[in-house]
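The same subunit A turns up in both complexes below, where it pairs with subunit B and then with subunit C.
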Partner chain A sequence: MKELTGESWRVGCHAETPVTGRVVIVQSEADLHKVCKGDVIVANQTDVNYTPQMLLASAVVTVEGGRYSHAATFSRENKIPCIIGTSGIMDELRDGDIVIVNTRSKTITIQKT
Partner chain B sequence: MSISVFEMGGLSDRSPELGNKVKNLASLAQVGIRVPRGFGLPFSVYTEHTMQLMSALERIRTQEKDYSVMARRMYDVVTKSSLKDAEGILDALNKHIPGAQYFAVRSAGAPVVNHAEIAEDSAGISLAGQYESFLLVPARNVPQAVLCCYASLFSERCLRRFKVAEDAGYLWSRMSVLIQEMCPAELSAVVMTRDPVEDGDYFGMEVTYGACEAIVSGEVQGDLYLLSIAKGDILSAEIGTKNFRIGYEPLTDWNVDNKVKFSVHEQERKKFVASQKLIASIYDLGMLVEHHFRTPQDIELVVSRGEIIITQSRPITTG
Partner chain C sequence: MRQQIEILGQECQKRHIALEERYSMVNITRIMETLPVGCIENAIKHYQGIIRGNLWYFPTLEDVSVTNFLERWNAVHASYLKVAEKVFGHLSESRSLDSLVDANLLEDVIRSETMRGWVGKRSPSGLDALLNSRVEQLEELLQNYFDADIVDELLSVGGVYEDACFASAETEMIRLFHQYKHEFGVVQLTPEILAQFAGKDVPMTLLREFCRCSLSEFNKKLSLLQSSNLRAVSEGTHALERLASFLEEIPEDDRNRAATLFEEIRVLNYLNLNLEVKYSFKGWAGLMHVVVFTACSNATNIPINVYAMHAKLKKGD
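For the complex of A and B:
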């Protein structure tokens, strides 16, 4: 178990309880096909082209962006837990990792790699 | 030739002929809140123009099963058509926005899905970003930018999302277009007059260097402020990363993104973009706008030549 957090991390949409899911790294739109229902999308940022896959996700995590970015706004509208501004997260997570996303504590816990 | 346009300060905010994006700004202009000079092309201009294209669009819709091909063919039909109001649009630029060199051309789409029209920038689910907008457009290219806005109703993304292969009614979607003077942004902000993320009542804003697109797209993290609703006291302030600012080159090539990223010096990144006085002014303005619309607002604004100018205001979407 490894717990990740950071000073620049911000919450786009809160979840009442932590959510658990499989990490899918989305470097670009070409990776969107990897996303399955319940996955945790980890992307640099999102735009409107990501929305069908975001609707499948149990949580969205972005490297860039702030509280009022597209990722945060779309997540909020659709009640998808979302943490943004997680610089360095791509170095910590890999496809298939099982993580717990906790928006209240602004942490991501790697449960299983 | 003269076309029917709605100038910012001179229209009813209940006009059925315009999308909410245009109506909301016009409504603010009417009460003296600074918005970019501009005008709206009503739905009727779109409808009249696309009526002549309808049979071609319907033929493509029924022939093509592949949405990417359908989108490409529909885009060509719309963008290569001749806009008979082009001359009227150029006249309107001179008449309503005299002296401006560059323009913002923004879509306000009203897609018809399952026989019902969805209003953009309403309090329901957001259509923000679904349709194209073009910035820093020279006057001569504004009519083509209007056609490209119209064509964005038929992007692959929209055709897929609204399952247009199964829904002929989508072709009756409408669009109004907002044409504004381009206000160069020294700073910009996204304001939520009631922060929708945290529990409790906060006035939130995210501020960065350059154009607002940097915040909205999520390409940079602006400085985040939470203020008390009642008095505007700053309750928390967090410095954003602000790695770069966004500007634009004049739009002359439709195949090239005219957005330009300028690196922000490390010293500038590490300090707050806005003065406390500016934060207070933005709070006052935000509360005024909320009071005007009688509902919490999601506002985009720029600071241009020292003046705060609201470029967009809509109800905070609730999903």
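For the complex of A and C:
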């Protein structure tokens, strides 16, 4: 178990309880086909082309973005747990990692790699 | 201001429809299908690399009003679409990216991107700069009355658009795909079916505004979204009600100022989260710009530096 957090991390959309899911790193639209129901999308940022997969995801984590980014806004509109501004996260996570995303504590815990 | 942004959205749409009347959507989609594999999927990432990896020379304006900014954004995007149409003209004649390897065309595209960038995220007089200045003013005002968590919650409302005319592009797209499914069933588009749909609003809007005029993109999104539902459609209304009740607690002068700032923030967010998606660099017009960068990059073996690409093409190397 390894817990990740950072000064710059912000919550795009809160969830009542932590969510667990399989990490899918999305570097560009070309990676979107890897996303299955319940996965945690980890991306630099999202745009309108990520919409179908965001609706499947249990949580969304982005490296960039602020209060009004696409990821934060669409997550709020659809109650998808979301953490934004997670610089360095791409170096810590790999495809297939099982993580717990906790928006209350602004942490991501790697449960299993 | 709300009326101004609604008119701006209508003008953007009208300009695209005029272009479709000149070329027809069937022809436009046909040309899009001839682009190399991955070109559309990687367009935004490649474009962002170009935007971030080059210097752009635009003037800085101080104290821009939101009204003036919206006028400038409109003018910039009218000419951005004209350059996109010029590129499309080349593509439709040759059906090959090679026809885009031209110093003069690249120069037009660099100029056009410079102007777009001037009203964009990274410009000191662009959309984000203006939005941030309004958020800072509002945050400062609200901090006099509420604790940090409530201020944060109230500021977030500026990014939520649940009424009929103000929705994020994502939400609008999902609603339109549901409407499409309701009107036509889960019918994948082919050139033949599209020809039968000429003049039908929903498929044309989806293609134009959310699928970069690509039938493949349309069909992919249709199959992925056919079982998806919006999860919380009433969230925005609830948030706006909460906002109104909090604002009732503060004195009238500051309440009025806060209401004005909220309106400006919502309008700028609507521009950023909806109209930019459809009509700026992430949309079809943007795709027509990035294909020129891609073609010139391939031909010159220069990955990012657009000025070096231009110089090399000009020299005829």
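The rule is short, and it goes like this: the second predicted complex is superposed on the first by the 113 of 113 C-alpha atoms of A that agree within 3 Å, B and C clash if a C-alpha of one lies under 4 Å from a C-alpha of the other, contacts with A are read in each partner's own complex, and residues count from 1 in each chain.
As a working rule, a residue touches a chain if its C-beta (ideal position, glycine included) is under 8 Å from a C-beta of that chain, and two chains touch if they have at least 3 such contacts.
A quick note: this is a predicted structure, and the numbers were derived from the prediction, not measured.
Peer 1: Clash or fit: subunit B against subunit C, after overlaying the two structures on subunit A?
Peer 2: clash
Peer 1: Looking only at subunit A, is it subunit B or subunit C that touches more of its residues?
Peer 2: With both complexes superposed on chain A, more residues of subunit A are touched by B.
Peer 1: Determine, under the contact definition given at the top, whether A:87 touches first (subunit B), second (subunit C), both, or neither.
Peer 2: The answer is first: A:87 touches subunit B but not subunit C.
Peer 1: Determine, under the contact definition given at the top, whether A:48 touches first (subunit B), second (subunit C), both, or neither.
Peer 2: both
Peer 1: Look at A:8 in the shared chain and tell me whether it touches subunit B only, subunit C only, both, or neither; answer first, second, both or neither.
Peer 2: It touches subunit B, and subunit C stays clear.
Peer 1: Does subunit B (first) or subunit C (second) touch A:77, or do both, or does neither?
Peer 2: both
Peer 1: Going by the contact rule set out at the top, does A:59 touch subunit B (first), subunit C (second), both, or neither?
Peer 2: After superposition on chain A, A:59 lies in contact with neither partner.
Peer 1: For A:67 in the superposed arrangement: first (subunit B), second (subunit C), both or neither?
Peer 2: Both partners, subunit B and subunit C.
Peer 1: Please write out, lowest number first, the residues of subunit A touched by both subunit B and subunit C across the two complexes.
Peer 2: Dual-contact residues (subunit A): 47-49, 51-52, 67-68, 70, 72-74, 76-79.
Peer 1: Please give the residue numbers of subunit B that touch subunit A in the complex, ascending.
Peer 2: Subunit B residues touching subunit A: 125-126, 128-130, 157, 160-161, 190, 192, 195-198, 204, 206, 215-222, 224, 238, 240-241, 298, 317-319.
Peer 1: Where on subunit C does subunit A make contact in their complex?
Peer 2: 38, 41-42, 44-45, 131, 135, 152, 155-156, 158-160, 162, 168-171, 173-174, 210, 217, 221, 224-225, 228-232, 235-236, 269, 272-273, 277, 282
Peer 1: Applying the document's contact rule, which stretches of subunit A touch subunit C when the two form their complex?
Peer 2: Of all residues in subunit A, those touching subunit C are 27-30, 47-49, 51-56, 67-68, 70, 72-74, 76-80.
Peer 1: Which part of subunit A faces subunit B closely enough to touch in the complex?
Peer 2: Residue positions touching the partner: 8, 10-14, 45-49, 51-52, 62, 64-74, 76-79, 84-85, 87.
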